[in-house]
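One chain, subunit A, links the two complexes that follow: it is found with subunit B in the first and with subunit C in the second.
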Partner chain A sequence: MSYTSLQFLIFVVVLLFVYYIVPKKYRWEILLIGNLVCYYLMSGWLLLFVVLASLFSYFGAKLIEKRKEKRKKIFIISLFSVLGFLLVLKYNNFISSLLNPILNIVNLNIPFKKFILPVGISYYTLEMISYLADVYLKKIKPENNFFKLLTFYTYFPKVLEGPISKYRDLSKEIFSEHIFNYESFRKAWVLIGVGFIKKLVIADRCGLFVSNFFLEGHTGLLTIPAIIFYTIQIYFDFSGCIDIVSGVSELFGIKLAENFRQPFFSQSIEEFWRRWHITLGLWLKEYVFFPVSLSKTNMKLNKKMRNAKYKHLSKFILVAFPLFFVWFFNGLWHGPTLKYVLYGLYYYLLMMLGILFKPVLEKIVKILRINTEVFSWKLFRIIRTTFIVCIGMLIFRSETITDAFNTLANIRVMDSVKFFELGINIKEFVPLLVMIFAMFFISLAKELKIDVREKLEEQNLVFRWIVYWVIIFSVIIFGVYGRGYDAASFIYGGF
Partner chain B sequence: MKKRIFNLISFCMFIIITINFLYVGGFFLAPKGTDYDNQGGSYTVNGLYNLKDNQIDVLFLGDSSMSRSVSPMRLYEDTGITSYNYSINSSRVYMAYYMLKDTLLTQKPKVVFFDTITLFYEYREREEEQRPSFDYMRWSKVKMEALNDDLFSENFFDKVSFVLPIFRYHDRWQHLGEKDIKPLFSSKNSITRGYYLSGSYKPNKRASTYMNKNDKEVHMLKETEEYLYKLVDLCKENDIDLVFLGIPDSLVWNYASSKKMEEIAEKTDTVFLDLNDSDKYEYDWNTDSENGLTHFNISGAIKTTKYVEDYILDNYEFKSHKKDPYYDNWNKDLKKYKKMETKTLKELKYNIDNNIQYEKKKSYKKK
Partner chain C sequence: MKDIIEILNEVNPGVDYEHEEELVTNGILTSFDIVTLISMLNMKFDIDISVTDLVPENFESAKAIKKLVDKLK
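After this line comes the complex of A and B, so read on.
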């Protein structure tokens, strides 16, 4: 059962009905049952892994509070007990590939094995870590009711692709008593509809072109639209999913954290990552960047650098050290291969170069008397950032880094294939383009702080209905699904 | 409170209108079979629904071979007996079973002729082969029963798309043309009563050998056997005589198939009228075959209709409906049908005289 399936929509409608007819104080229990059913339908009995990991995090947190003298040890054990599932099931081969060369010296070898992953393991593991860390850092009290914790970890809208939530934030939403609000209900469905357009009409249509281009090994100038289409595919696939799950969650009166804030309006890579997969960025900031920054090693480094001769360089090193871990883990989180690590380090390298040469660049801007406040300069920066992101996406798409470079190098090698022969014909291209523009204008409005859904709510009933029908029939008619298409699963669901 | 009631009403209205849009949109996008030479879905199915209740004496069920073999209007012209050729391309016995059930909701045929060609197919009907009949089948308990039969829809989405075809044909918006829009506003009447007139020809070179005696055995799929017996039972329950009609076919039929059918007919106490028996039934294989293998053209169909007519007249005593005012529409359509038949016979003559065989049909049309 995927988030774009009819079964999921029916499941949501049934659960919604039950949710609102039971008394308010029992509603979270209905959610728990719904979560477990949904998880079982998505992942079968791998459900037991999430239940087991939840038990570890529950008892770990309780013990951290109870056994004050051994809290650090308990925290580390609990951390590795929940992380252990992820390391064994997902990262075993990566770890084996790193350790085997050393183990081979003493005639040992860890065999390579591929396991079926429980749905959303990369997401809920981060949530468990943040919960344990928050209890350890005394930011929150441990939850006394295991089932409440389980409800949070398995909360069905976010379990597959996030947003990565913190117990201290989302628990307030889940366990507060919600009243059915028809206006919010309508707004939620609009968000779900937009999510469906993003996923089925835009992402999956672009995916047809991308798959054909890369699988058939084409080269030449069409590499450029292929890379652009892949960037569009990834963005609309992921943000479409987030829109669907946020909308679904809003139906239950629960607001999920924002995960995308118009990332393609970013003028720099730093800004892009503050707007793209926001919850992962915040998680890495809070649970990797800060701990490394405050670590003894970094403190010592800090002391040394304070007295250094080159102020800018010393500042740079102080930032570069913790950020290395952030981007290393960012890359590694996306996948258990060296390629993903290098994908993270690609952004790290560009950011560090940006910070390192910032004074030089500022000087050049001054000498050339460039007005940095005008639209054209901002547009240039947006295009530059988008270009960097597109290259990053190419790395993400390619099997290896070498493949990515080869793809770029092969732009010069002409291919006889034509644009409209790669899975999208001219008739299909027109609605695709229209929908991309429609999404651009919605993003632009959001960028200008206009709440599009709120504005729609203010309109008369007939106009609203027309908009609803446009959304519904755009998805049904122009969507890529059903016989003839192999419905693509959400790309970020694989992480 | 007033606001709540308004919200509830507007919500229900929105859902009802949306479902209607989805339903209508499905028929707008679905392939129509705008005339009798195009898949036949809407033409054949709607044609049957367009008849007045209890207007047919005989029903012909089967696949494309049957649809090209028996002309109900010719039978009516000769005898006044009313019939309908309810045959859809590639339709198997599973589909025929439900089509008969559906027919029985409005018609009470006394005899059903079932084309046996598909009974020994080694693969089941594909989803796209079920669509032409299913998409245009009216909503009824029969359609619901068929939808719940796992033989027809493998997954939940398929089931939904049989209810709302827009989910199956959503991508056809880019192929829509006059042929899709015109039928929505034109008559649903089938002048030929489901029969497909073909003016094409190609000599059948295998006709003299395909029924040679041999020791081969034929195999019937388990599902085919199950539904064959269900069809037999359904006919018995409704007091209908079931006649298995062996339409000559040099592509899939053989001596062993005929022998097996004789056994089945005996076992089920039904009749097997085997037109493959060249000693009893004569065809001119140089001019009667549409494609040189498996389909009849109008010349072959006239002969087949005559053999079927003889069988009916020999075994039943149907009254002629020609002077019955309840059958006025049949007399009107017969005039139109005769014009179509004359035109098709002329087309066939032209093709034979100029040796324009089946494959060359397109170049003929260009002239």
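After this line comes the complex of A and C, so read on.
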């Protein structure tokens, strides 16, 4: 069952009905039942893995608080017990490929095995780690009710693709009593509709061009639109999913964390990653960047450099050391292969060069008397950032790094295929372009701090309903539907 | 207090640290700045600021930072 399937919509409507007719204090229990049913429909009996990992995190947290003298040990054991599922099921082959060359020396070998992954394992494992860490760091008290914790981990709108949530934030939303509000209900449906447009009308349409181009091995200048379309596909696929699930969650009165803040308006890579997959960035900042930054090793390293009077270098190393881990894990989180690690390190390298040469670049800007406050300069920076992101997406799309380089090198090799022969004809291209522009203007309005959904609510009934019908018919008429009218799976759902 | 404002100016100059009350909320101090600030505070006052102290309230103003330093001294 996918978030864009008819079954999911029916499931949501039925659950909503039950949710709002039971007394307020029992509503989270209805959600728990709904979560388990939804998870079962998406992942079958692999549901047991998430229940088991939830039990480990529940008892781990309880023990951390109870056995004060051994809290560090218990924290580490609990951490690896929940992480163990992810390491064995998802990263076993990656670990084997690293260890086997050493083990082979003593005639040992870890066999390669491919397991079916429980839905959302990469997402809920991070949530379990953050829950355990928050209890260990005394930011929160451990939850007494296991079923409440299970409701949070399996909360159906966010279980497949995030946003990655923290128990300390989302529990307040899930377990507070919500009353039905028709205005919020309408606004939630608008968000769901926009999500459907992003996914079915834009992402999947671009996906046709991208798949045909790369699978048929084309070369030449069309590589450029193929890379741009892939970047558009990934963005609208992921942010479309987040809009759908955020809207669905709002129907239940529960607000999920923001995961995208107009990333393509970013003027630098750092800014891009503060606006793209925000919850992953925040998770890595809180549970990787800060702990490694403040570790004794990093502090000692910094002290030595400072004493040696290498001030700029010491500042650089102070962040370079922890950021290496951040980007290494960011890459590895996306996939258990070397390519994804290199994808993370691509951004790491660029970011480090940016920090290292910041004083030089500032001097150049001063010498050339560049006004950094004007629109043209900001636009130049936005285009430069988008270019870097597009190259990153190419690495993400390619099988290996060498493939990515070959794709770029092959731009010079002419190919006879025409633009409209790659899965999008002119009649499909025009509405695609119109929708991309519509989404651009919505993003621009958000960037200017205009609440688009609120503005729509202020309009007269007739205008509002015209917009609602435009959204509905755009999805029905211009959406891409495969066999049995089932849309393509979400790309980030694969993680 | 003077020492702390001096360090803050070294980390990120050009801010009215005596009156600014929302250094983290307003994005004046980035995570890079906070790490640099902590490293300098640790060295200057011979303290050990740990991950548990990393809550926004401890870094929102020069006054809050001084309170944290005094607590850890």
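Structural remarks
Here is the rule we use: the second predicted complex is superposed on the first by the 490 of 495 C-alpha atoms of A that agree within 3 Å, B and C clash if a C-alpha of one lies under 4 Å from a C-alpha of the other, contacts with A are read in each partner's own complex, and residues count from 1 in each chain.
Basically, contacts are C-beta pairs under 8 Å (C-beta built on N, C-alpha and C of every residue); 3 or more make two chains touch, one makes a residue touch a chain.
Being a predicted model, the structure only gives us computed values, none of them experimental.
In the superposition on chain A, A:L318 makes contact with subunit C only, not with subunit B. In the superposed pair of complexes, A:K138 makes contact with subunit C only, with no contact to subunit B. In the superposition on chain A, contact is made by A:F473 with subunit B only, not with subunit C.
Shared-chain residue A:P23: touches no atom of subunit B or subunit C. Contacts of A:W465 after superposition: subunit B is touched, whereas subunit C is not reached.
Of the two partner chains placed around the shared chain by superposition, subunit B is the only one that A:N425 touches, whereas subunit C remains out of contact. After overlaying the two complexes on the shared chain, residue contacts for A:Q7 are found with subunit B alone; subunit C is out of touch. Taken together, the two complexes place no residue of subunit A in contact with both subunit B and subunit C. Across the complex, subunit A meets subunit B through its residues 5-7, 182, 425, 427-428, 461, 465, 468-469, 472-473, 476-479, 481-484.
Remark: subunit C residues 31-32, 35-36, 38-39, 42-43, 49-52, 54-55 touch subunit A in the complex.
Partner subunit A is touched in their complex by these residues of subunit B: 4, 7, 10-11, 14, 17-18, 21-22, 25, 29, 127, 156-157, 160-161, 166-168, 170-171, 173-174. Of all the residues in subunit A, the ones that touch subunit C in their complex are 137-139, 285, 289-291, 293-294, 299, 302-303, 306, 315, 318-319, 322, 355.
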